[in-house]
Structure formats: C-alpha cells, structure tokens
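Note that the chains take the letters A, B, C and D in the order they are written out, and that residue 1 is the start of every chain.
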Amino acid sequence: MTERKTGIYLCSGCGIGESVDVALLEGVAKKEFKLDSRTHACLCGDEGVAMIRADIEAGVNQVAIAACSARVMTDRFGFEPIQVLRADLREKVTWSHAPNHEDTQALAEDAVRMVLTQAGKVKAPEPYVEGEWSSRILVMGGGVTGLEAALQSAALGHEVLLLEKSDRLGGRALDASKRLPYRPPYAQPEVNDIAGLVARVGAESKISARLGCTVTQTSGMPGRFMVNLSDGSVETVGAIVVATGWRPYDASKLGHLGYGASPDVVTGVELEAMLKAGKVARKSNGAPVKSVAFVQCAGSRDPDHLPYCSSVCCASSLKQALELIEAEPDTNAYVVYQEMRTPGVMEELYRTAQSAGVIFMKGKVKTVGADLTVTVADELIGEDVPLAGLDMVVLATGMVPNSTNPDQPAPETGAEQLAGDVDPEAPFPVAGYCGDAPPAHAKREQAVPEGGSLLNLQYRQGPHLPVLHDGFADSHYICFPYETRRTGIYTAGPVRRPMDWAEAAEDASGAVLKAVQAVRSASAGAALHPRVGDLSYPKINLNQCTKCKRCTVECPFGAIDEDEQTYPIVNSTRCRRCGTCMGACPVRTISFDNYSVDMLSSMIKSVKIPDEFSGKPRILIMACENDAIPALDMAGIKRNQWSAHVRVVPVRCLGSVSLLCISDALSVGYDGVMMMGCKPGDDYQCHFVKGSAMAAERLSKVGETLKSMMLEPERVTQAEASIADADRLPKVIDAFVEQITAIGFNPFKGF
Amino acid sequence: MTALSPTPSKKYDLSFARWVYDNVDGGDRLALCMQCGTCSGSCPIGTQMDHGPRKLFMMIRAGMKEAVLTSNTLWNCVSCYNCVVRCPRKVPVAYILHDLATVAVREGYAEARNSDNARFAKAFWWSAAKYGRTDERLVTGKYYFSFGMAEGYKRGMANLPIALGMIKTKRMHLGMPHACKNTGELHKVLAKAAEIEARDHGKQG
Amino acid sequence: MTDRQPQSRTIMVVGGGIAGVTAAIEAAEAGYDVVMVEKSPTLGGRVAQMNRYFPKLCHPTCGLEINYQRIKKSKRISLFTLSTVAAVKGSAGAYTVTVKSEPRFVKPNCTACGDCAAVAETELPDPFNYGMKTVKAAWLPHTMAFPMRYVVAPEVAKTPEGERIKAACKIGAIDLDDKGDTFDLEVGAIVWATGWKPYPAANLTAYRWSDIPDVITNVEMERLASPDGPTKGRIVRPSDGAVPRKVALIQCAGSRDLNHLAYCSRICCLASMKHAAYVREQVAEAEVDVYYIDLRAHDKLESFMRRLQADPQVRFVKSKPARIERGESGGPVVCGENTLTRQVYAEPYDLVVLATGMQASVEGDGRLAGAYDDYGFVFTEGDSIGAGVASGPLDVSMSVQSATAAACKAIQLVSGQVVSGVRGQE
Amino acid sequence: MTKTMSYYPGCSSQASAVHLDTSLRAVMGKLGVQLRDVEDWNCCGASVGHIEGGHLGQAALSGRNLANAQAAGGEDFVTPCAACYLNSHYTNEKIRENPTLKAQVNEALAEAGKSYDGGLHVRHACEVIVNDIGVDKVKEQVTNPLTGMKMAGWVGCQTVRPFANTERGGTWETYDDPSFLDDFIAACGAEAVPFKGKTKCCGGSVSVMSPDKTLHLMKDILDEVKASGAEAVVTPCPLCQTNLEMYQPQINKAFGTDFNYPVLFYSQVMAVAFGLEGKTDAALHQHLIPPEALLSKAK
C-alpha cells in the first residue's frame, strides 16, 4: 500500500476559535506529529471543503478533521474512498466547557493528539470478498408466510429454494375455513384462497419447492450458507427466511377445561377443520351443533401454560362463531373471555359477531361437566352461571412458535439457546422503593418449545436460533423487529410472534427484503444492521492466540467458530462488527483495519497527563458511540457543562473494550476510568444485544486486578447511559470526578 | 303481545335475550353492548339501582328474565339520556329501560305494577288518553290515591302547600279538566294503536 | 404477475416518521434511490415526541440515531423537509409528483451554532411540545433534529427581528427571501407513511379536557415525562406544578366509540401502562388507576401488563368512566361504574391522562394514495402502498414491519414486477 | 321579516308552565317569529306514557300532532317543552327511519282520516332562537339590559339530550357543556355566572312521583347555584322549573338548607330585557318564589 499521507484540518467556527487557541492546536500537530495543519473559520463551508479536496488531489490519502462532532456534516466531510477521522472540538469541547480556560485548551489539544494518534494506527478497511457468493434465498416452511416469502423473493429477482416438511404446500391454511378480515370494511370473514396462493407459487419459475423436505444441518455464513437437506442433497444459499409457522398448544394439557372428558370438547383448530369440511357435528353422536361455547385463552396468558397472549384466538373464535351462525342462523354461540382482544380495525369483527347474536361473557371457566355444562364465574354479573344444553365446547388453544421441529429429538447441545435469556416480567424500577414496593420477583417460568433444531446450525454457540423468551427467536428490538441473533437468518410469521394471515403475509415481505439486503451486503463484504456498510471485520493473529475461546463464546451473533485445533475462525459475514471479540481477547490478537485495542490504548496514552502537583486529575471515559456519544453531543448542543478533566474515547460498543485498555490507562496515570454505555439486563438496550452486559461481566472481575495493583476498585466504574441523558450525564461525570478527586491521585502517575 | 318463554334464571339461555332483541324498542342494538359501564356510571341515581343498566343487559343475555323484569333499575330511570348520548356502541339505553318497564307491567310482575312509576303512568295515561291532555291536578290526585285512601290523603296533605301555591300563581286551575276538542278521534287512534301493537309485536325496529 | 417497464426506478416516501424513515432506508439499502418528503422541518415524526417505548421503556431517539446513521451512510436517500405532496399524476412506474416546500429561511450550510436563536426575541408555541412550552422564532426543532438545521419562523422573517437574526449568522445561512418552492419529481412508486394525529380531546366533552387543566392527553404525558420536555421530565400537575400522588389513566378516550373513533387504536393500553411506569418510577407514594374496557396487551406485551399488575400501587379498573367533574379543589373527579364490583364511583385525582386514540393524519384533499378504508387509512392494494399508522392503528414494531414490507412492495413496482399484494391478496 | 312556525305548547303550557308559554309568545313576537298553534294538539306522553300506552300508543300521540301540523301547512314544528320536543323528535325520526313504524302510526291515524309522512322538522324553541333568529338579533331587542344581575343558566337534560342534533342538520349544542343559555342571559345584559350544574338532572318525572329518591339531585344543583353566586336560576325546561322551584321548601327541611332561589324561564328574562310588560308579557307574578330582583327591573 502507498505511504500514508495524513492531512489535519482545524475549524475555528461555531465558537471554537473564540473559546480555544487554535494556533496552539496547530502547534500540537506540528511539534508532536510533524504535520502542517490547515485551519478554516468555516471548514464545512464550500471553501473549507474545497481546500481539503485540493489537498486530496495533491496526494493526501487520510483526512483528520478537528471540528464538530462526527455525527454532523458527514456529507460535507465525506471524501470516499479517502478515510476520514473526526475529532470533536465543538459539542464536547467548546460548547460544554468554559471558554478561554487552560483546562478547555488542554482538552482541545488532547482531542487533536487522540485523532492524530488514531490516524497513525488505522487504515481504510479492506472488505472480505473472497470466493463465491450466492444470492439464492432459502425459505423454510410452505405455509402462508413461506409461500408469500417465496413469491416476494422471486419478485425481487432472487432464486428461491422453498422447503416444506409435509407433502403439500399451503400449511395450516389448507385445513382452515375462512380467513379473518383483512380489507375494508373489515367486518366479515373473507374467502380462504390458499389454493390460489399455492398456484401462484407453482407458476413462478424462480421458485423451486421441495416437499417432505427438512434441513439436517446448516453451516457457513450469509452469502454462503451450506445447507444439508433430508433428501441428501446439499444446497448453497445466501440468506434464510424461517417461516415455519406455529403449532397449537397441546390440548391434552387442558384437562381442567374438560379436554378429553368428552369428545365434544374440541380445540379451535379441530372446529376449523370441521368448518372447512363443511360438516360441523358432535363427535360423540354426529348430532348437529345448535349451541356452542368458545373458551378463550385456553392455555394462553396462563403462567402454567403459555404465558403470552396468542393474539389471534379472539378474532378466530368470533370468525368461527359467525360461520356457525351463517350456516345455522339460530345457533346459540357463547364466547367466554377474559379480555376481548380485537385490536385495531378487528373491532369491526367484534361488532359483527355481537350483532349476529353471539353472547360474550367475561369470566373464567370453573368447570366443564361431562354433560358439557360449562360453569362460568361471570365477572360482569358477579355470579357463577352454568351454561347448559351445549352441543360443543371449543377451546381456543394458543399458538406455539415452531422455533423447533417437534418431530425431531432435541439435540444434546444448545438447550440454553431456547430457554431465553431475559425475564420479560422483571419488575421495573419504582421510585424510592418506599411505600409498598412490588413484591420480590421470582424469575418467570418460560415456555420452551420442545423438539429438534430447525436449521441445526453448525455454530460454535449451538444449533438453534437463540430465543429471547417463550420460544420467540427475536432480539426484541422495537425499532428493528427483524433482527435475529444469527445474521442472514430472518424469522417471519407466527414463528416470530403470534399473528394472522394478513400480518404474516406482510411480515414475509419484510423478512425477504432483509434477506435480500443480507446477500447484497455479503458479496460486498459490508456489515448489516446496525453498522450497515462497515467494511471492516475482525482479523485474528493466530500466532498469539491462546485458544481461550472467549471470543467464540462471547460473540453475541455466534460469528466465530473453532477449527479442529480449537483455533477461532471468523465467519466475516455473520459478524456485526461490534468488536465484542476484540474486547474479550486477553492478548490483543483480534483487531479491525480501522479499530483495535492498540488504537484505543494509543489514543488513551496520547493524552497529556498532568502531574499530581497540578491538582488536576485525568479521567478516561470509554463511551458507546450509539447512545452515550450522541447524548454527550446533545448535552453540548444544550450547552450543558461538565468537568474538563475527562477525556472521552468513543467505542463501537462497550463490549469491544478490553480490560487491557483500562490497565493501560491506569498505568499511564489516569486517576479513574468510566465505561459509559447502554443498559444491560432484561430490558437491555445494547444494539449488539450483549455488549454492555459483557462489559459489566468483565468489569466485575477487574476489582481483584486493581487490588493487586494497589489501586482502589472505585477508580473503575460502568455508568449506564441512555441517549436521552443529555442533562443527566454531565452530572454523572462531575460526580465521578469528585469521587476520584476524593480518593486521590493515581500513584502510578509519572512512572 | 307475544308471550315470553318461561326461562329459569341463573342459566344462560338466549331465548329471553333474543326476545328482547326482537321485541323491545332499541333492543336490536342491545346485542352491541360491550359492558363498559358508561351507562350505569352516567346515571344520576345509579346508586339507587339494584343492578344498573349495564349489568341488567348482561342479565338479559344470561336469560335472567324474572330478575330483569323485577329490577328497580327499570323504575329509577330519570330520563336524563346521558346513557344514550354517551354509549360508545350507540345502544339506546334509556329507551330500552322504558320499554322493558312496559313489558314488566304487562307481564304482570307485582314489583312492576306496584312501582311508583307504574301507578303514576296509569294515572297519567288515563288523563292523556281520556282528555287528550294531562291535567296535573287529576294525575297527581289519581296517583296519590292509587296507594289507597289513607295514603292518598296523607300525600295530598303533604303537598297541599305546593298545590295552594300553584293555584295562587294561576299555574293550577280549578274547574273542568283541560282537553283537546276532538277526543273521540283521539280515542279511536289510540285504540287502533293498541290493537296494532298487539297484532304486530316483534315487527318494529 | 403484471409486466411493466417503469420509467423511473426512484421510490418516493411521503412522511418521515418511524415508518417513513424505515421504508426509505430499507429500500435504499436494497439498492434503490429514495426521495423522502416530510411536512415538518425534521425527521422522526411522532416517535421523536415520545419519551420512551413500551415494553422496554427505552428511548425512541436510540433507534432513530441508528436510522439517522444509516441515512448518513447511504448515498441513495434525498430528503425534502417542510414539504408536502400537492398532486400525483401518472401511474406506477411513472408518477409525476408535485411537491410543495414551505420556506425554512435557513440554507443548507447552517451549522446549527445557535447564534440566530441568541438574538431572536419572539416566542412561539413549540409544536414539538404540543404547545406546552414556547420556542424562539429562530429555533432548532429539537436536539435530535435531523437534518441538524435551524428554522426561522415566517412570523418574523419579514420583520426587523428577522434582519437581526440574519445579521447574527456569521456564515450567511439565513435567507429571508426564501419563498419556498413547488416542483415536480418523477418517481416509480410512492409509499404513503403520513402517520397519525391524536384524536382531538376537545371532542370528548364529558371528559372536560378543555376546561380542567389537570386533565391531559397521553401525548401530552409523553412530553411531560420527556427529559427534553416542558418540565425537563418531571411529571407534575399543569395547574400548580405539584407532584401528582393520585393519577388516573383513562383508556379508549375516543377509540372503540361509535361517537368518535369506531376502531381500537391498539397502542393506548400499553402506552398507558407505560405511563403508569413513568409515574411509579418518579413518585414513590403515587397510586395509579388504569380505567379500561379490555386490556389489549397482545403477544409478548402481556408480560409488560403483568409487570404493572405486580405493583400494588397500580390498580386496573374495568370501567369506561362516564364523565369527569370538577371537584371542590378544582381538580378532576372521575365518575363511573366499576363493572366488576358494580360500584358507582366518583374518584378525585391529581392528574388524569386521557388515552386519546390515533387517527390518520391526512384528510380530504390530502388523500392522494390509491386506496383508503372508511377510516381514512391507506389500504395497501395494487399500486397503493401504505406504511405504518398511515395504513392503520399499529404500534412501533408493527409500523416498522409494515414499512419494511411497503419498501419491498415499492421495489417491485419500480423494478417492473408485481407478484402478489403485500397483504396477501390479489 | 316575520316567519311563521307551527307551535306545540304542550300540556304544561296550560298549567305549571303557563308563564313559559306567555313569555315565549311575547318574546317570539318581538323576534319576528309568528307562532301558529298546532290544531287541537294533544299530550305527547311525556316520560311515562309508554308504560300504559305502549310505545306505539306513545308514537300515535305525537303522530297526531305532527299530522295536524302538516295538514295545516308544513312549517317547522316548534315546541318550548323539553319532553314534548324529545317525544315529537323521536317519533318523527322513527317515522322517517322505520317504515314499519311509519305504517303502523299511519294505520292508527287513518282511524281519524289523518296521515303523516315524516316530512316536518321538529325544533326546540331555543334552537330556533339560536339558528334562525340569532343571539345578535336577541341583543338588538334589548332596551332594558339586566345589568348587574347574576344568573345561573341551567339547561337540564332533554333540551339537549338525546337530540342536540337539529333536524335541519348538524348539531346545535354539546351534551355536556351547552352554551346557548349563557348566551341568552348575556345577550340580556345579565351575567351568566360559571355554573357547574348546567346539565345536571332534577330527577324529571321521578321527582314528581317519588321526590324522596331525587331531592338530593336538586339539592346538588342548588348547592352549585349557591357556589356560583347567582341570584336566580334560568332554565328552558318546564318540569325543571317546577321541580326546582316547588321542592325548595322540602329540600330545606330535609337538608337543613335555606335555599330560596327564583327559577326563571329564559323567555321571561328576555321579555323583561326587551322592555315588555312584567305581568302580562313576562308573567313574573306566577312564581312560587317571586323573582324580586327581576320584578324590580321589569316595566
């Protein structure tokens, strides 16, 4: 590669020039880095940008800009393919610290030191693009979701391999009668045209469907998944859409609702099949069904069964009741419910059912007699009221996500992947905990789907798609619902969350678009969400690797496997570039072209540490660039002030922070270190799922190390920061500075 | 009026609900009640009702015919129509209560017949139908004495000051009752109306 | 499958809320050019005005930040703020869209230094805070504004104050002669992500929002609880700034009501539970009553409901309050029937929050999409593509789902092939 | 311009609310509306007629009135009585919406050789003043402004519930916070005090038959009147006026209060403000609790 020629550009606009002596900053570049810097009063203006462009023409191949935050003016300061590094002299210096003060000046000078040190340690990343890439999309499941996914993929120009476990396409819709309303005026059940959907798939040349076919194992990575199929073949696909749907909750576990006691106690699925067949009759004696009771939440919303709400059961029962009444107008239909859940426009179906004479009773079913007498504890009348003379009792059983294949035995490994790693019912913080605080919370029993793995992923971390809880393979982002924790593999339909046909069809389109992005990015060597387009990827120096396996264990996305000698292997397109592996590695063997422990440590060390006689502490803040850094920027925009004794180093994620950075900081005389990042735990807000949790985990062990260095453990801390903390963080920082000042200076200072 | 099917209470049975849907003024919308409680919460004297309209409607669905038609909820409606204008499902609550009151009287429930409203209504209708106009003197008097001579006298005396005041301010006249000219015609119309109602019951909206 | 060779492969996304932003980015990251048209000066829409999301109680700006980073990295998205669609001609593959831009009076070279705001004097109601506080006539819509550019109010543009504002800008970014613009764009597909507006609480006369200051709406509650809101995040009674000890959250204020919004707005139940959490996090002794018809905490959100139910100081009352009266102290008294206890109650509260529903934000002449339902939501069918709440009452996660699907549908239109409708019908 | 309208005074116009009838006729004359009485009108059945008469009998009563009005010329059917308005409006609406009821009513009317097709518009006198005449026009007529008088505008129930919508289309008031009465009072130069009891219920006919159930309702209203600082209550409803006026002694007895508030009709207030004759036009002498203050202002 050609020799690095770095250009350093300073901006004196937006108050920077009035607040700090820019000439001295130029001096830092000149004296300490032998670089002639250029200063402009409005660097982002046409003149300033032209100035930089001219230098690039003249051979500058790396640009360091000390101006505003890296979050703004990205378009003005974008000079691709030239690598641009940014130092913030505005939001986090001038706007947040006393003007023309020696401490502010020192802060600005260190910012220049850090960015120029960084410049010396990084290069523009070269993407990993070796080998062949497949743009074919594997769709697992031939139900409504899978069929839609296949069609949508084809419509986007992709070849599709569609797998269906059974011997026919169509899934549960084949055994279903009418559809729920999906179009205006949303008031009536709609025709079930599954045959039409299957026919459209059959007519689509880009789709090749395999019936009676499942996946026996999956290896590789986005753009290059190797999939072994039950028919013995091996296929290469670029991305995978898991549309394996749902299965009804096992009604045999619902004895308390009379299931099994009488053949005329059936599940909603069983009734649906009868409606589809056009013959609804008592199983016991074939007599017509004139009077029927629907029991809602049969197994759902029940800590002993499915803790979640299956969402569609209410509407489904209404639809079935309407179909019964349509066929036989004086049918008596009762719905026993706890909460009537017909959200959005589905409320119309509720009104339709009411108008049709369906009777709704809020309450719990106490008993179901062998004579089908259902005794309801009617909460609205306040009495136990028997429902007698019924011909059929229908249990609206819930939906279990097919996150596993129930026909297959559970694999030896990976059970923990299905158990879910957060507690969705963990109590939220209550002010002061005085008064009656919420009772102590025992971790909730989760619904864990049984059976074998769908994909049997040959990943170091196990064969399953990790579930968040209750069997739903979700990373539980509200903003990014399609993100699973296995890059390039997307779930759609009821396997993702309980949903009806229309929603599932829509969901399929969304998942397909993500899959298409995955194959595009893979072949370009570019990262997917959240660091979209990042071309860097972790490189491991195996010579130094101690085979400690921390990187393979800690990667939130299972991107790193192990070879025969248990050396780590990075599957670059599985990687989301959070750097958690880098933070995990005890011996600095993992680094990115533009991000490494060496880079961070060097930046940290480049700061001028005042001696103890100056009376000025130095405190390091390693701040997550997704939330903490924007929060500090906004603090600056609001002109909130904080101590000038701190030095902020942005990191991709707290997960990427190696303890080595911390020990380096303390060894060069920083008096304290703060890790500032997202909330870990049950309501985790880390964009990389586990990053901040890993950091906390590591930090919990650092105390001993500090003690061994004769340092107070309080010198190192982790602060939870949210992006909305613009007013809070300055206080947090100042409090920490005070605490450290109270503890006293770091004895290593000056050594 | 079509007979009500005898239905034991405390057992869900749609026949009473269906009967109400078909035969009671506004009953067709009753099916839309979602038990939100707005009606009972809107009622100025809801606290004096044994059930309140919301629960009464649920009892209708439960087939609790006797309990419904003997409920004092039917008699405590002050006709403020707050329930009607506020019902999120546009159920004409007050109208339904009014018509159920009629049903209760015609079904001969003692609780209904002996209610103040039924007694007052009897007196009121007598005047309205006979003279074409209500004569407040006669209606009140007839109403008082429907409780028997002694009670009627007692009530009359209790309200004498008001009566005298009304006479003094010329808001109550002495002499012949007010009447419209063509009462004969009115009698025919009302007789026919009663006849039609009996004949066509269950047909009105 | 229809085959059509589109004249334009550009996708237009109307609306820059979470749905519009998502649709635009997802399409761009799949390799298509996108034009975004946003009515306000900044992206983010309604979610930017929210304090936190249910069920994770995390901040919407967190996800927006990532999305804004994605937009900055993408070279394919061009954005028109303060702009609306005035007319649509043509058909899928070859639309001519007339866009009308209102003047911002601030040029793209604005560095957001704030010198203009420093000299502005006129105070105007802050739309970002639903008018609960004021802003200077030269202002940054909010600290997460994207684009990060100031706005000068038309009210002062032609005044001496305007001239002072102009003079204050060292880099000459103020253009008082900005007249806005009307121009045509050729696009191949249009995604309507025009979002929602709160149902007017003033219509709910029985709830007295108009004349009892301590009766507020759920969107006002979001601002009250927001660190960058009118009270810096302190939940207080508007009447006297006191900390509320007893709070009522009233569901279905307008929704599920044939006199107002016939449909269920879906999000209100969970939003109110979130508000209960806000109050309990701030006020130890606070008691919160949630009045509801049905608690609609679907799928995993059920667990969020249980979190609240576990708090002995949060009470769920199955009752649609009949009315709110003004109590002796002037504060609100909630009146109704508890349908489970049959008790007719009249409960005084320090603060009452009406969970007003969502209605489509575009009405009448503004409706330029191909198909609408009776409620005014865009119906996705054929060439008509809706995303997010413009297409129906959805929560954020579902809006993102629908927006991603909408992008998929739009790509098919501009790439000349339509296989089947996003919603799964012909 | 003068405008003719069919006028249905209702039974109370001949008894407990004769002062409403007297004053309204006088005021409407001033406002350019000529009221032509519905030929041989009969009772509307009020709130209880249906119990004995059945709801078809109830409908037939209104049906006959509407038929007579239509036969006389089809002008809008105006009534000052809340109950009459409600029943006539309801029947009229039903006859339009419901062909079965229309046929039934007409079959009954046929006995008298009459018929009605639902073609009339049933109006409340107050709505006519608001929409057809206009409050400004009322102001113009004021020659004797009631400056300094504090009045509580008490609308009650059936004037705006359930029919706050006009048959001429659109709504003319809100159910919970109607403003027309305050506007009337203000137009007459008096002060319409803020009054929380505005749409509270007096118990209606229940108060007539079983006051023990409803005295507390009227007591609440009077408490609000007291709190409002008004010296008199103004109402559009005949039954409201009678109930609230005649029960004050019993309320005082039952609750140990000392209420003695005159309860006036808006039409009486207008009559005085228009400078009309206090006795013959405003009928101020027909109160159980004499409105001294207003009397002193009256000509």
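Here, a residue touches a chain if its C-beta (ideal position, glycine included) is under 8 Å from a C-beta of that chain, and two chains touch if they have at least 3 such contacts.
Note that the structure is predicted; figures quoted are calculated from it, not measured.
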Length of the shortest touching-chain route, chain A through to chain B: 1
Return the chains common to the contact lists of chain A and chain D. B, C
Max Cα-centre separation from chain D goes to chain A
Which chains touch each other through the most C-beta pairs? A-C
Per-chain Cα centre nearest the global Cα centre, belonging to chain: C
Chain centre separation in whole Å, for chain C relative to chain B (CA means): 49
Give, as an integer number of Å, the spacing between the C-alpha centres of chain D and chain C. 46
Cα-centroid distance, chain A relative to chain C, in whole angstrom: 23
Junction residues of chain A - those touching two or more other chains: 340, 362, 380, 382
Of all the residues in chain D, which ones touch at least 2 other chains? 175
Touching two or more other chains in chain B are residues 34-35, 54-55, 82, 85-86, 89
Sort out which chains touch which and give me every pair. A-B, A-C, B-C, B-D, C-D
So in the complex, the part of chain C that touches chain A is made up of which residues? 1, 18, 26, 29-31, 51, 53, 55-67, 69-70, 72-74, 109, 111-114, 140, 143-144, 148, 170-171, 226-228, 232, 256, 262-266, 277, 280-286, 294-304, 306-307, 310-313, 318, 339-340, 342, 373-375, 377, 379, 381, 392-394, 396-398, 400-402, 404-405, 407-409, 411-412, 415, 417-426
Please give the residue numbers of chain D that touch chain B in the complex, ascending. 11-12, 14-19, 40-43, 45-57, 59-61, 63-64, 86, 94, 97-98, 100-101, 104-105, 107-112, 114, 157-158, 161-162, 164, 175, 200-201, 203-210, 213-214, 217, 242, 246, 249, 285-288
Under the definition above, what is the set of chain B residues touching chain D in their complex? 25, 44-45, 48, 76-82, 84-86, 92, 94, 98-99, 101-102, 105, 116-122, 124-129, 132-137, 140, 143, 161-162, 165-166, 169-173, 178, 180-182, 185-186, 188-194, 196-197, 200, 203-205
Complex interface listing, chain C residues touching chain B: 206, 252, 256-260, 293, 318-323, 335-339, 342, 344-345
Quick check: in the complex, which residue numbers of chain A touch chain C? 13-15, 41-42, 44-46, 68, 71-75, 144, 148, 151-152, 154-157, 182-186, 193, 196-197, 200, 204, 301, 307-311, 339-348, 362, 379-380, 382, 424-436, 438-439, 441, 444, 469-470, 472, 476-482, 497-499, 501-510, 512-514, 516-517, 520, 529-530, 532-533, 626-627, 630, 634, 637-638, 678-679, 683, 685, 687, 722-728
